[in-house]
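Each of the two complexes below includes chain A, the first together with chain B, the second together with chain C.
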Partner chain A sequence: MEQITILEGRQKQIFEKKNGVSQPDIACDTSSLSGSVSQRACVFCGSRVVLYPIADAIHVVHGPIGCAAYTWDIRGAVSSGPELHRLSFSTDLQEMDVIYGGEKKLYHSLIELIGQYKPKAAFIYSTCIVGLIGDDIDAVCKKVAKESGIPVLPVHSEGFKGTKKDGYKAACHALMKLIGTGSTDDISKYSINILGEFNLAGEAWIIRKYYEKMGIEVVATLTGDGRIDAVRRAHGATLNVVQCSGSMTWLAKEMEEKYGIPYIRVSYFGIEDMSKSLYDVAKYFPDRPEIMEAAKQVVSDEVKTLYPSLQKFKKALTGKKAAIYVGGAFKTFSLIKALRSIGMSVVLAGSQTGNKDDYARLKEMCDEGTVIVDDSNPVELSKFILEKEADLLIGGVKERPIAFKLGIGFCDHNHERKIPLAGFIGMYNFALEVYQSVMSPVWQFAPRKGGTL
Partner chain B sequence: MLLRHTSKEVKEREGLTINPAKTCQPIGAMYAALGIHGCLPHSHGSQGCCSYHRSTLTRHYKEPVMAATSSFTEGASVFGGQANLLAAIETIFSVYEPDIIAVHSTCLSETIGDDLQQITRKAKDDGKIPEGKYVIFASTPSFIGSHITGYANMVTGIATQFAVSTGVKKNQYNIIAGWMEPSDMREIKRLSKELGVKIVLFPDTSDVLDAPQTGKHVFYPKGGTTVAELKSAGDSLSSLALGSISAEPAAIALEKSCKVPFETLDMPIGLSATDRFIMALSQTAGVKVPDEITAERGRLVDVMADMEQYLYGKRVALFGDPDQLLPLTEFLLDLNMKPVHIVSGTPGQRFEKQMRLLLDARSPETNFRNGLQADMFLLHQWMKNEPVDLLIGNTYGKYMARDEDVPFIRFGFPILDRIGHSYFPNVGYSGGLRLVEKLLSVLMDRQDRDALEEKFELVM
Partner chain C sequence: MKHAKTATQNACKLCNPLGACLAFRGIESCVPFLHGSQGCATYIRRYLISHYKEPIDIASSNFHEESAVFGGSHNLKIGLKNVSDQYKPQVIGVATTCLSETIGDDVPGILREYKKEFKNGSPMPILIHASTPSYQGSHIDGFHAAVRASVKTLAEKGEELSLINLFPNMVSPADLRYLKEIFADFKAPLMLLPDYSQTMDGGPWGEYHRIPPGGTPASAIVQAGSAAASIEFGSTLEASKSAAGYLEEAFDVPRYHLSLPIGIKESDKFFSLLETLTGRPRPEKYEDERRRLIDAYADGHKYVFEKKVILYGEEDLVVAMTAFLSEIGMTPVLCASGGKSGLLKKRIRELVPNMDELEIKVREGVDFVDIEDEAKVLKPDFLIGNSKGYTMSRKNNIPLLRLGFPIHDRFGGQRMHHLGYRGTQELFDRIVNTVIEQRQNASSIGYTYM
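Presenting the complex of A and B:
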């Protein structure tokens, strides 16, 4: 195939695993090179996705209309009750506001909104421009909080102030202000918070149910199907269980420092990691062995039905190759294992926001010849997909059409997944989706497979 | 009900926008730039802007959408984005190898005062633009206008920065496309060909955002107006601008820079607007309307006559973009339907006046609002007060349609949950037929669904 060049200055963020050769660490945690067709988003995006699932709060985007328009109900974070989070509120800043400041507009907007929707709290996101014109959103929030009697929380998410990860942190910062303000009476000693689970397609419900079956009380899910009152009492939990490395580790660390709540990192994707996430929690409560017994029961019940149902997929998919390019690196680890369990190998693994430790671990996990990338772009992705002859790409919205144009299968493991991929049932759904896409009859007509007229 | 909080009582709001019926300028600029062959749009701002625009366009077209970003950092926001843009231009030409980079600004770069003209000139002076390659730009501050404004600004940038007048006129006509779909642009080209008129259409996203599956990821698909065509636009005999908001500014600029006279028309959506387009093109070019086009028109009129009884008096709420709303409203009136509420987030007195003129003459009681606070929340409130039989608008209308239990036709941008708009035009007589078919389908499906058993009819 024709040679595709790698962007100069990007070489340190790409890496091919070769056994027996010592290789430098991958460069990551950097902002993208100017001029690259990066698949990454901004600080605001990071904050918005983390807080978005809190359904009984209003989320007000302080800035020009775009930031609110593009994030209006794009992430299928399901709520079992109120759905305020699915509406789009913006101060729609105009030229005059940019010149004279938008504080007044923000103030009036908030008063109007809180009057109309009676939310439990309000999150105010500052966008690029707010950082420049110097609106004191903290002061506005304080004033409105006082007048309305609900928490009004500024989220300092100016787009240019770092990467998406900094946005996660800004969101966690706002959450920290809420945590500790509710009553912790009646919370069991055998209790956890679920962190970094956003209830896409109802995944948090599945996970929560497993823990509850084990006799564990889930105090708060941060932030899937989130409620302000639950967040406020999250400090009453005994253990924080953190999924999704990027978004919530910071919050877990803060809570450990401030409230002495330890945390463990888990993943709910694939049989192996899902089971481990139940066992690890059970291990934390050794004084009550019933919990471990129950965990074993849950795993055994689930696997008993799941395992046989996977064999059909495994038979068809064995030997097929996958490329993974997702937001957080932690997800990549689970996906590699999950793919292996249905007979597939991984030829490309990458993320938008992984850190040094993530990539070191990734290097360890991957087979020889696997390409590892940080903050990739469509040119690189297509190049490696074709070179490594991948049959499947796992990614997000911008990667999907690239996979299809190249004539390979695709699985959305990002915002746009419509069926739960977490939990044991999620593993079945995942395998089904991969199978259905990779084995689709459409690929016989795609030129890559020689299907021209 | 998702929108259960929407109150019936309409109150004036101070600043707040709820469920916007518009988005910001840069995405329009990006879309327009994709209609130039070999062009990579470049967003001069934070990384998120570019990512959001690409995601939205990808969701709308189910196609890869390529664009680069200056990736602003805190430093750039303090010291200006010149260094970022210069570095970006160098990187893009060496790695992604486009023929053209089309830079648009964002709220961030506008507010810190980056001057795109000055920076791109510096890039040229510093030798960062290879021979035969181009960097064009448009200023698209997000805090003014809407996505339509951004589209118009980029199209104007394309017209002024490419077209040259050699002094020798060419026997061709410019058609400046307002914001329409690739399918619409394809149809405009087909109609012009049918008429035997040589045109330069720009921008032209057909064969870019409706590209075939080839087994390859092509960075610059085959479509798009070429540089040679764009340059020659300065020698064209005249221009037709399809849309007074999204296309006319480019025509005005072209008249100024290259003395190409222009005429502005509505986008040819529906019978009357298509008639005006065909007449204008045939008169300007001095050609006879061929029988095939007359027959196409005849088929549309025939269907309109056959089906009028089913459409008569149906009450419609619609929202969207100015240049599409005007001819669409006119078409609904031609079909004897009743536009009851019309909303557009795009501000502007020109549009307001045009719509008022149309409504005053043919439907004075219609509620109409555009600009600030003309959002879907307001439209929903109006619908609660004066119910309708049908809603027409982009995908975000589905919440209202569901809550109010009214049939819904997706029309405009973005359409995130259906296909079709890339492939089947809304413009021209065939586009009119498609619209009538859609209107009838949703209304008659509803009638069938709701009919009592004894009233459920085989022949409706």
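Presenting the complex of A and C:
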């Protein structure tokens, strides 16, 4: 096979774990190398994914058509009520707008859209060229807010001004402007906000139910099945429970500083982490031991049915090898544990936006020989998948065809998934999906399994 | 209720660079490269992958704040170097974005500098540059810009060849394979550009390919300047923006401009042209295809007659489909496109002279909310277009027949035929079945044969 080499500028973002050898920290938190076909997107993408599930607001993309067109209804973030988030609005800037400025077009667009859709708020995303032509979107937003009487929030997400993480921050910044503007009357002392849960395939509903069974009030979910009014009163919660740490830790820290609300980091993937996320919340309310009792009850009820149902998958999958390449590193930790619980090992683990601490922890968790990558690309992923003889790749839409071309099973663990993978039921779905892909007889025809080309 | 409309809502178009990336994927050993932010490449990859189900690597110069202020020259050069090192391509197709166009990067100048500065490194790929600012036109303009730029960069005038250039427009990999088959059966040497029939719909890999096999070789594009003729599909595509237009202007290669050959009449024009250019009669196989199609028209005519349809998509596809639908007695009550060539109505009239009598309404530059507003008044029997009409189809309970690009909510969009007798047959069968299914579902009796 042709040797695939790693670009010089990328070598520090990759290493293979070796026991008993001191290894330098992985380089991360850097912008992508030009020309390397990063799997990352841009600042705008970061903002858009975080705010997308807020369903009673309109999301208006200020720029040429592409940014809005490519993000139209692309996530599985479902709503129990209004569905404004599934519409795509763009100022669709043309050449003349670029020359003379797009402020007027933005203003008229907003006035019309707010009149037509009657949203609870509007988020205005600035894209690359807005940053260049110098439109004062803050001023336009202020004016429209005054005239329409709803919050009109600028999101400074010019694509080139940093990485996806900066986009998360810009989104959180917009959320911070809303938080604190609603009434916190009648909020229980035993209350939380669920942060970084986007209700893909209804996952937030699953999680919420567990907490409610424990007697915990969920004030706001940020931003899954999101509502503006709920966001406005989020500062009334006692504790912030943060999943998808990449996107929401910043918001949690801001809320801690401004409102004194502490936060914990959790994950809802896999039995171990799912259970821990309930226990950790219960531990936070020691004055009411029945919460912990209820948490134990939830876990025991769920695991009682889940555990036996996983055994069929475990039997089939034991000894199989997985590669993980997802957006945030925190999810990688859970996936490693979840895969181990169904008998699988991990030969490649990486993320688009992990930080130093994440990678240090990842290194600790992984087996010897596991390759760890930051901000990888199709060439590298393919190289390691083949070298390590993985049977499964976990990733998103952009990684899927790599797996299938090479004759490897695939599990979609990104924003477009239609099947809930969080919670105890999610662990079942996850194992089922992995099983269905890895064990499919179609791979017998794949060249790497001896099929003819 | 009618609303004033400044914003575009649920766009019926995509941006310029997407089309360029697809076209560049139809050149052998070519890596598409977007000069702009990382997001453009990633979003476009994701969008294309959801339709074609193939790995699609698009490189990006990955602008930062400094590049936006001081120009993207440095990033572009580093990017080209890295792509050259990692992918070892023979060609890099550089398309611009709104960002690099707005700051005014002189891309041709940067590419010249790059060639000088890096001439001693790994083998220098051919660099093609297409200007594709997202604030102009739509994805189809980017597609044509990339095809024209490729020819402009590579084509040379040599000894005249019997070769025919075919610029097929943005059609499916299945259509491309059919076109190649036709030319092979006519025993006519063909330069097809772009040809992503294999790169966007290929077989499994035994090992990793940096660049998938397939595509038109650069050496073949060089010969385009010596070809006997160019055939170009797409009624609204003007010579001043097209590859065939360039070849005619620069090298006197005659340009034959046709609508996308959908329906019997337009397919006939294409086959007649091939007969003229090659001096050979059409192979019997295509006579058979044509006969079967006419027979099918007869078998199915009652299902489709006077059915009202809303048609949307790229302008050239809309023109061609209008011609086809009118020859089977269906009425496109609205022909809509997000594109804005200013030519849509004119071109439809050329192919369907009685369009006023049929009350065919034509609208350019619309989005799906405009189309939905029209649908509420026009009450079509079904919609014909890409997957993005599904929202409106579901909400208003109007069936959607999917074709073109993108097909994101059905399987096999890349293997769908649209062109020639074969493509028309497939479309006709699907249209008739849509009507039958609709009737069957609506029937209280539940007939098992229709």
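Operating definition for what follows: the second predicted complex is superposed on the first by the 451 of 453 C-alpha atoms of A that agree within 3 Å, B and C clash if a C-alpha of one lies under 4 Å from a C-alpha of the other, contacts with A are read in each partner's own complex, and residues count from 1 in each chain.
By definition in this document, a contact is a pair of C-beta atoms (placed from the backbone, for glycine too) under 8 Å apart; a residue touches a chain by one contact, two chains touch by 3 or more.
These numbers come from a predicted model, not from an experiment.
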Chain A as common anchor, with chain B and chain C clashing or fitting: clash
Which of chain B and chain C A:S34 touches, first, second, both or neither: both
Which of chain B and chain C A:S109 touches, first, second, both or neither: both
Chain B versus chain C as contact partner of A:G270, first or second or both or neither: neither
Contacts of A:L84 with chain B and chain C, given as first, second, both or neither: first
Contact residues common to both interfaces of chain A (with chain B and with chain C): 5, 7, 9, 31-45, 63-72, 74, 86-95, 97-98, 105, 108-109, 112-113, 116, 127-129, 131-133, 159-163, 378-379, 382, 397-398, 400-402, 404-407, 446-448
In the complex with chain A, residue positions of chain B that touch it: 2-3, 5, 7, 13-20, 22-27, 40, 42, 45-56, 58-59, 61-74, 76-77, 84-85, 87-92, 94-96, 106-108, 111-112, 141-144, 146, 211, 213-219, 345, 372, 396
Residue numbers on chain A that touch chain C, as the complex places them: 1-2, 4-5, 7, 9, 31-45, 60, 63-74, 86-95, 97-98, 105, 108-109, 112-113, 115-116, 127-129, 131-133, 159-163, 377-379, 382-383, 386, 397-398, 400-402, 404-407, 445-448, 451, 453
Chain C residues touching chain A - in the complex, by the definition given at the top: 3-11, 13-18, 33, 36-47, 49-50, 53-65, 67-68, 75-76, 78-83, 85-87, 97-99, 102-103, 133-136, 138, 203-208, 210, 388, 391
List of chain A residues in touch with chain B within their complex: 5, 7-9, 31-45, 63-72, 74, 83-84, 86-95, 97-98, 104-106, 108-109, 112-113, 116-117, 127-129, 131-133, 159-163, 378-379, 382, 397-398, 400-402, 404-407, 446-449
